[in-house]
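Each of the next two complexes has subunit A plus one more chain, namely subunit B in the first and subunit C in the second.
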Partner chain A sequence: MKKVLAIVLALAMVFSFAACGKKEDAKQGGEEAKKFKVGMVTDVGGVNDKSFNQTSWEGLQALAKENADFEVSYLESKTDADYQTNINTFIDEGTDLIICVGYMLADATKDAATKNPNQKFAIIDDSSIDLPNVACLMFAQHEASYLVGLVAGSVTKSKTVGYVQGMVSEPMNQFGVGYIAGVLAACPDAKVLQYNANNFGDIPGGSAAATNMMTNGADVIYHAAGGTGIGVINTCAESKIWAIGVDTDQSTLSPDYVITSAMKRVDTASQDISKETKAGNFKAGVHLYDLKNGGVDLAPTRTHIPADVLTKVEQAKKDIIDGKIKVPSTAAEVPQFELK
Partner chain B sequence: MSNFISELGVIIYATLIYTPALLYAALGSCFSEVSGVINIGIEGMMTVGAFTGAAVAYFTSSPMLGFLCAGIAGMIFGALHASATVLLNADQTISGTAINMIGPGLAILVARALFDSTDTIPLSPEQKMPLLFRGIFDTSTTFGKFMENVFGTYVSTYLVFVLVVVVWFIFYKTKFGLRLRSCGEHPEACETLGINQGFIAIAAVIFGKFRPQGALIGCLLFGFCSGLKVVLGGSGAINMQIISMIPYVVTVIVLILFVGKSHVPTANGKPFIKSR
Partner chain C sequence: MNNKKGFIDFISTNKVVHIVLSIVLGFLVGAIFLVVLKIPVGAAYGKLFAPFTNLKGISYIIVYGIPYIMTGLSVAFSFKTGVFNIGCEGQFVVGSMAACLLGILCPNLPSIVLIPLCFIAAMLAGAIWGIIVGFLKIKWGINEVLSMIMFNWIAFYLSNFIAGIPAIHSDGSAEATKSISENAQTLLSDETIANLGLCPTANWGIIIAIIMTIVIWFIIEKTSLGYELKAVGFNKDAALYGGINVNKSILLALAISGAMAGLGGALQLMGMGRRISIFSSQEGFGFAGIVTALIGCSNPFGVFVAGLFYGSLMYGGSKLNLVGAPTQLVNVIVGTVVFFIAISVIFTNLKYLKGLFKKKEVKNVNGGEK
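Let's turn to the complex of A and B:
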């Protein structure tokens, strides 16, 4: 009895370790050498953050599915200390392209790229690295946020809307700045309640922040806060007010109360850079994904947006693409942005 | 004044949503600690319970069944810990640490098999615990909004406070409770280790002097501090980095101040060998 129990415990532990990583399409034998290996390193949000880590992994999985020449895998970072280790693991495995998801990996990526000039890297949401072997995939998130801000400013009855941000940093602030500009364009005397959760994984914190905003009159709340935002959306649904999602089409989280989402096509970006690199067309420097090239947009689910609002949004989208509207992207341009 | 009432309502709401997860775990932990078994594995048991609850609620669309199964799954892992430590005389800290590794690992493995993802699929409102007294107050008034914030959250949130009374009754008013407590009274110091939420639950148990009513206060304190964070952070007056530390700093300070006076069940951590 005791021995059986000991064996069961030991096996359970082995399995729990084995469950930590995943490799797609790893085939044995000589075939493997021909494949183009793409390795993705997540930030601490993990691969199932319902946000940009997940989207970019889904993009890579789709790529490997449609084209057997690609072999894709990921390594999850549990803490900031894992970035370097995970990148080095991929380098040692002979990975052709390493995609680092998120500006939090900037220092680790820069360091590894300097030491390994022949290794190709792509980093998402960071443009600070200027090296011949690093491609910076940037998104005009302020443009998408401006559009959802227009929606929020148009549908609010209380002229009070909410905004929850996951962390204060230059790339994150772009979401809030664009959103506030959009809200004010649609409703100049609207009040925007703002909250910095300082955490991308605090679901109850998101709920509490949303409740606080609703108690103070908000009837539409936008979040750019990863997992914390799931709490925001849940609470909006429970109180029957509109929520606005981010990164992916988050209407799946609450089909009746997510009015729209500000989409970032991280999946397309990861696929593009993988294909270009495989074809020998790797281009270092900034690759900008904006409204113009479809890199950011409103989510495809638009059933809840009133027709006149949608017309207004489409017009604004056209104006941004044509350069008639210049969406602000820094906190300095929008004095109403309060987060510090 | 009306401003104060609505802010107070938000703080109570925030306290109510942060507290239950910790308090359920802390109450369970009280049983094992009081009987003399250190439960470091609480994080692992919480993860398995949470996953099972969400998965069952998703597949059966019955939140109550999910709630029950979550408890049962946690119990099975508790039994695993008990078998290792009581039957096999394994070191309690090591067994607990193993549970902490198995729990999340197993949850991920099963989630991959069921949902092809490391998470459960988000639940629809019908699959979640019903909201108590939601929609019966007139939320256009400050008072109505206050009442909805205080009494309008999940049923399971209020149930945990009832359970505190039940556990207290079992511990101090039944023969089983007396036996359970006497099991734990052999001299040995208590060690505290652990991670994340599980750590806070353990801290609450220690702070609560291994009594259910004490754990209640410990969990409420942490929940309250977390809630305070949200209300203070909204004003933008204080740096968020500092506000975010409040719940943890308070937990550590309270532990330092109170742990000395806390009476540890004296056989806590000591393997029980019958022949001795």
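Let's turn to the complex of A and C:
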């Protein structure tokens, strides 16, 4: 009997909680009516991917914190087929702006944007959609890569540096091209070992590539390979050589061996587009985030970079902004770029 | 008292009641987690069950349920025949890839030819994936569970490899295959979707799932083949003694099971995904099949309902983020449900409670006499 009683009590408790929940919900509903709703759809990496999804979500959260007029939420995609469902969930919820994180969502975004011409979308890292209700947030990744290349070329002792790329495509190649240009600017006779992992989630593959580069003399390795790059950074840390992170400040992954990261301010970009859209200034087409408007930069953690190198980098940054240095962005401009 | 005894008998002997109890307990445990996380239980469960209240939501539940019904059927069939098809995941992937290849490479075939071709290719691919494992088992006695888990990974990397081939890979920047031809898609027409207010991915794959549910039931219950397979499942040695070709039965069981999983992959691709991405982790449709088979008591019709239930959890669960609840809540619920189904013997043991009541009754009677 005691057990039965316990179960009944537990049930009663749950339902009383449930009742509370509903009331609160209803109250919130009334206040939310005026708020500007921003919804973010992640790719399969999920919201805690220590990269793009996480950074943009943190940016949106910060935005909602400082400005109570914004209401932000996200939906995680578990499989490739979930993108469309999640976008449509936000449409059904009456979301004002839907931010799709990553080019994997390009097809689903295009499809939904065509079918819902009054719904505003922003997509990060894709410029293929040309619709009046889609803003494409692009980053000048070659400029940030050039700066980390300068760092790599300056700190290498063996005059050999490594580079691991996640996939060969025009946008991805910009990372390698900018990096190699930077390395060569700092150290004209340096050798850049290059590897295409053809995968963004292959941690052991990243480790193997890094080990291989080290045996060939590399003492700094840069990666633009998502999850595969975690393997690169881990291996560099184990072998006590420098690693260079990408997209976010990856020094958190290995504080002693990540010398710097080529950072893309996805957080700023998603905040900007939310603010612009709320103010009625939504602009379709490509929004370019580069060194000039602070959309890309070296990561803020700079303790490992020698002072003279840092001065050199800051100078180069200024020169790029002033247009004195033009960073190459296509494979054709840098013959040393080998990945195909 | 009589009433209560009847009630306990009902709980302790009825398998369906065990399942329902397990599900209720799963939601209770989920609620406890929500309370600990200070998330309003009503709001979270409201989101989870909201799809049931409108046609659009129900169409979502159905399209989300299709792959789980198919993988559930696959695993349930293997359970009935004494092999544990944990390789469902890999069979699902190769089936999906087979259909995808046809859908990309033969875009001009008319739907009426292309769609059945895709189904057949997917079933063949899944069946072959199952047969290889069965062959390893009967030829060299290699444990099917081990080789199946490895074959899941072979399928995973094979699919990634094929998706990376230039002729198959997307022309855009996405790390995925091209989209399959419209002729290979099972989607309902845009007008139908708009008129009925269904979800944008509404497709008629569910009809195939219903047909397959009936076919699997028929094979298991109404054919001598099913009888033989079940006999092997109950007791291999007895079946051999009874003149059943055990090796052939194992191969057939794995082939049919694999074909179901492969077909599930095709249905998911042709209705929902329309392309296959380069995986960074297993998508888990096959493993979820084990869950649906367990919840459905390995009965084809039970699996059908369980698949829809699982689909509703997956779709409803995807919206949990909106109320600040983690989507992983669904995993907690499903995990708990499976846990309680696995130990459902505790519900059977409830019959001992009857003993307690009886003793009390006897005492009372004695007291009355004195």
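Quick note on the criterion: the second predicted complex is superposed on the first by the 311 of 340 C-alpha atoms of A that agree within 3 Å, B and C clash if a C-alpha of one lies under 4 Å from a C-alpha of the other, contacts with A are read in each partner's own complex, and residues count from 1 in each chain.
One rule holds for everything that comes next: a residue touches a chain if its C-beta (ideal position, glycine included) is under 8 Å from a C-beta of that chain, and two chains touch if they have at least 3 such contacts.
All values derive from a computational prediction rather than experimental measurement.
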First (subunit B), second (subunit C), both or neither touched by A:307: neither
Partner chain in contact with A:279 - subunit B first, subunit C second, else both or neither: neither
Touched partner set for A:237, first subunit B, second subunit C, both or neither: first
Touched partner set for A:115, first subunit B, second subunit C, both or neither: second
Touching partner for A:126 - first (subunit B), second (subunit C), both, neither: second
Contacts of A:193 with subunit B and subunit C, given as first, second, both or neither: first
Partner chain in contact with A:171 - subunit B first, subunit C second, else both or neither: second
Which superposed partner A:81 touches (first subunit B, second subunit C, both, neither): second
On subunit A, positions contacted by subunit B and by subunit C: 17-20, 22, 47, 198-199
Residues of subunit A touching subunit C in the complex: 10-11, 14, 17-22, 24-25, 44-45, 47, 73-76, 78-82, 84-86, 88-89, 92-93, 103-104, 106-107, 112, 115, 126, 128, 167, 169-172, 198-202, 227
For the subunit B and subunit A complex, residues of the former touching the latter: 6-7, 9-10, 13-14, 17-18, 80, 83-84, 87-88, 98, 101-106, 108-109, 112, 117-119, 122, 125, 131, 134, 145, 149, 226-227, 229-231, 233-234, 236, 239-241, 243-244
List of subunit C residues in touch with subunit A within their complex: 28, 31, 35, 40-46, 56, 60, 160, 164, 172-176, 179, 199-201, 268, 272-273, 275-281, 283-284, 314-315, 318-319, 321-323, 327
List of subunit A residues in touch with subunit B within their complex: 1-2, 5-6, 9, 12-13, 15-20, 22, 46-48, 50, 168, 193-199, 204-205, 207-209, 211-213, 215-216, 230, 237-238, 252-254, 338-340
